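Structure provided below as structure tokens; questions to follow.
Chain IDs A, B, C and D follow the sequence of writing; residue 1 opens each chain.
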């Protein structure tokens, strides 16, 4: 059994379109929030792992070489993780691995980005596809690729555009209770208002799509003895897993995330979970686009393939439901591509620690945070528990 | 083996990087006052030129209030005469990239020496002075280059 | 003391190698106006364009490429209505994931000659070949309904 | 106590100035298949895949999207470390120490012929102070070399002798594609690039890929007759702006070495190690590394190298083949090959028991990782 590791401190900056800070200063802000949350000083950190979204988004190659000294990295072990949109998740896992390996007692993991320093963020996105095959940007842009996923999901299982609007309402309204969320909608935001939003890439309307935010997130992981020294509540890592699938492989069904199902099965095994729908008390999925939430429910094994929409419509994942999901407002309300996959795990940990403020859900002792990246390929998961 | 097929193209992405208050103040001082600012760390008192957002050894924040002017004169603490053709070069060869310890600074500034008369007399410890561009836009290249001053070397 | 923005256009030239499989694929689309795929020795699926390996099985592909029909089904599609730099066409245009008859993976391309509201899942589509092919993805102009 | 970790397999693609006929996925697939053939294993023997590559070098954001299939990581646990493959090997080592994995495959690739070392290294510079002045790998390492010479720690002759010796070693290594018979005179009269660096003080441009297989102890002894144990590991990171640090100090190299030696219980490196593969990329930086890794005393690098009493870079090092994102992992492979007695023509004779491998990331040795390897029990 791997050694016990806990998340002892979390820092999430405001997620907004313009930060008047350099990239290192933005990461430093998240690091200071996390140290304060953990009641720790810079010198308590033994190693650092930095995640950042694709370099062409910000135009700085190996940005950890510039960011490192601003987050206490001078003279410390430090390296960078990068797996596209899931980078926040894989950086969180790398932070956990640094401690669980026994090499370090306390590790600071950070991830984020300043996409708005790029005049056309979509230009950065269009470099995600193989230059020769994607040359005419046929599969370019996250929006169109996910739109293809959404359309496939609707036509395969018979759901309508109303499902997207329902998800948009749940998460956009939930964001009202999250001080760091980017988009705030009026309290009376409803399905009709969501359905009235302009179509961007059928079936995705503006209401179904995430905003472009800048933010940074920091999570501090500690081994058992260092975690016991922390005075506040901590969130114990029960299971962590990241699995990848191909892009255009044989018999791929873009609406059936088999890599997520494999990652979930492995993470549940490590966490000793046999029935996730019953045993989990809180979930944060990477809902960059509304239709993805029910698809990720299926990948997480909360229901059978095709039943994600019905699970959502049952109200079970609403505030007050048996398994609330994305009470932070999710990626649909704030998307800093570099930070979002870590923020999903941070929100799950905050719920377990009882430190989620206005968005706190009662008695959460087991919570899961998800993240995806690449061409709908990489899925990262971390499960937190209240007890070691 | 026939000629392998190659697809040539260019990735062209415009950026506009946020300077933040400290680097913003440094660049603004270049543009408006032909002044070079350093950051004095509140804890170790070291003057970092050019300034960044943190004094890393002390892990102390640096804010605009910590900025102090330093001289635009100093001595060479390093140089390299660049001969090879670089795709992205600040000037046509021959030019030199140099490290300068400005009077009042505790670290070295990277910059250029271009004029032939200066290039011939490059040596460690040589005294240099900034030559400012008449039109300045708030970039490190508002200083066109550093010239060796004629007062001879120590 | 102000904070500001430093503008900079990053321009990086690249010379990407097509590599064996893609070179042969686009020779066939250019010279013979046909698709070729590679068949996996383990799962027997045919993949278009031919990849380096059958990713799912990590099994080698048969040496000889197999011709594949230029007709197929449109599994999913999206009509793009917003503009962003580097788009393949002026919006609105429709992008689709096509599964060619005899192949078993997605082939992304444009879909035309049909109104978005008339598109149905898995409708039959046919490639429209470029009269002046250059040996790239535009050797196929778009797919249209059969 | 979690199990020890060993290197149990490796493979290197052909290294050359331009492997134009290969798509990057063909290059990676080839090296992974080669590793499987050498070890008699297949993808089902691998629990975790760790990719190392760079988006700006590949001209492809998220440069590992295609590697899931090419490297056989389909539905496997995978991540990408955006640093030299040696840093990905460090992460893979950490994964194995956790206890949930038994084997880990590390694969790194870089095709500089598809873009350029200048665009790769200039974009590493922060955008305000260094980038507009065109600082890139050659000029940055030239400034460091000049400071090293100015500090009387090495001379141009020392550097020339080092290059001659490296190329002589490289001539016995088929992967050292740029190795040539050189005299000190050839080096000192080669085309000036950025003083004090001349053409032969600099690494060649190389395309290439490499793969490494790690395993926990109970698995390692089944896979390999000569598992090479990772006994020591150290990593450190220095300031970014070139004028903010003393370029000749090599602070983060010393810190990384101290940490690796402490973990491996090494007190006097040059006596307790038998061979070293170091990755300074440039001649002066290789000499600087000899000091900073504690193999010789300050100012003694030139004499130490000339004495030949301690084999360093028997493979020829990065001066003879320098695939970006891969050269550091190659040092780790070459050090392991020496201990396993499988270095072919450039095998150092004698009973080698402990080796050092070093890799760096960023400009002017800003970040460094040091491995101490041990053969046998």
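What we mean here is this: contacts are C-beta pairs under 8 Å (C-beta built on N, C-alpha and C of every residue); 3 or more make two chains touch, one makes a residue touch a chain.
Note that this is a predicted model, so its numbers are computed, not measured.
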Most distant chain from chain A, judged by the mean position of its C-alpha atoms: B
Centroid distance [mean C-alpha coordinates] between chain D and chain B, Å: 31
Distance from the mean Cα position of chain C to that of chain B, given in whole angstrom: 47
Centre-of-Cα separation between chain B and chain A, whole angstrom: 39
Shared-contact residues (touching 2 or more other chains) in chain C: 3, 6, 8, 10, 12-19, 22, 51, 54-56, 136
Per-residue overlap in chain A, given as positions that touch at least 2 other chains: 20, 56, 59, 69, 73-74, 120, 123-124, 127, 131-132, 135, 246, 249
For chain B, residues contacting two or more additional chains: 4, 6-7, 9, 11, 13-21, 23, 27, 52, 56, 87, 139
Topology of the chain contact graph, where touching chains are joined (line, ring, star, complete, other): complete
Chain C residues within the chain B interface of the complex: 1-19, 22-23, 26, 135-136
Interface residues, chain D side, partner chain C - complex: 19-26, 29, 42-43, 56, 59, 68-70, 72, 74, 111, 113-116, 119, 123, 127-128, 131-132
Touching residues on chain C, where the partner in the complex is chain A: 3, 8, 10, 14, 16, 18, 22, 40, 43, 45, 47, 49, 51, 54-57, 75-82, 84-88, 95-97, 104-110, 116, 121, 136-138
Of chain A, residues touching chain C in the complex: 20, 56, 59, 120, 122-123, 126, 131-133, 135-141, 143-144, 147-152, 155-156, 198-204, 246, 248-252, 254
Complex contacts: residues of chain D adjacent to chain B: 20-21, 59, 116, 118-119, 122, 127-130, 132-136, 138-139, 142-143, 146-147, 150, 191-197, 239, 241-244, 247
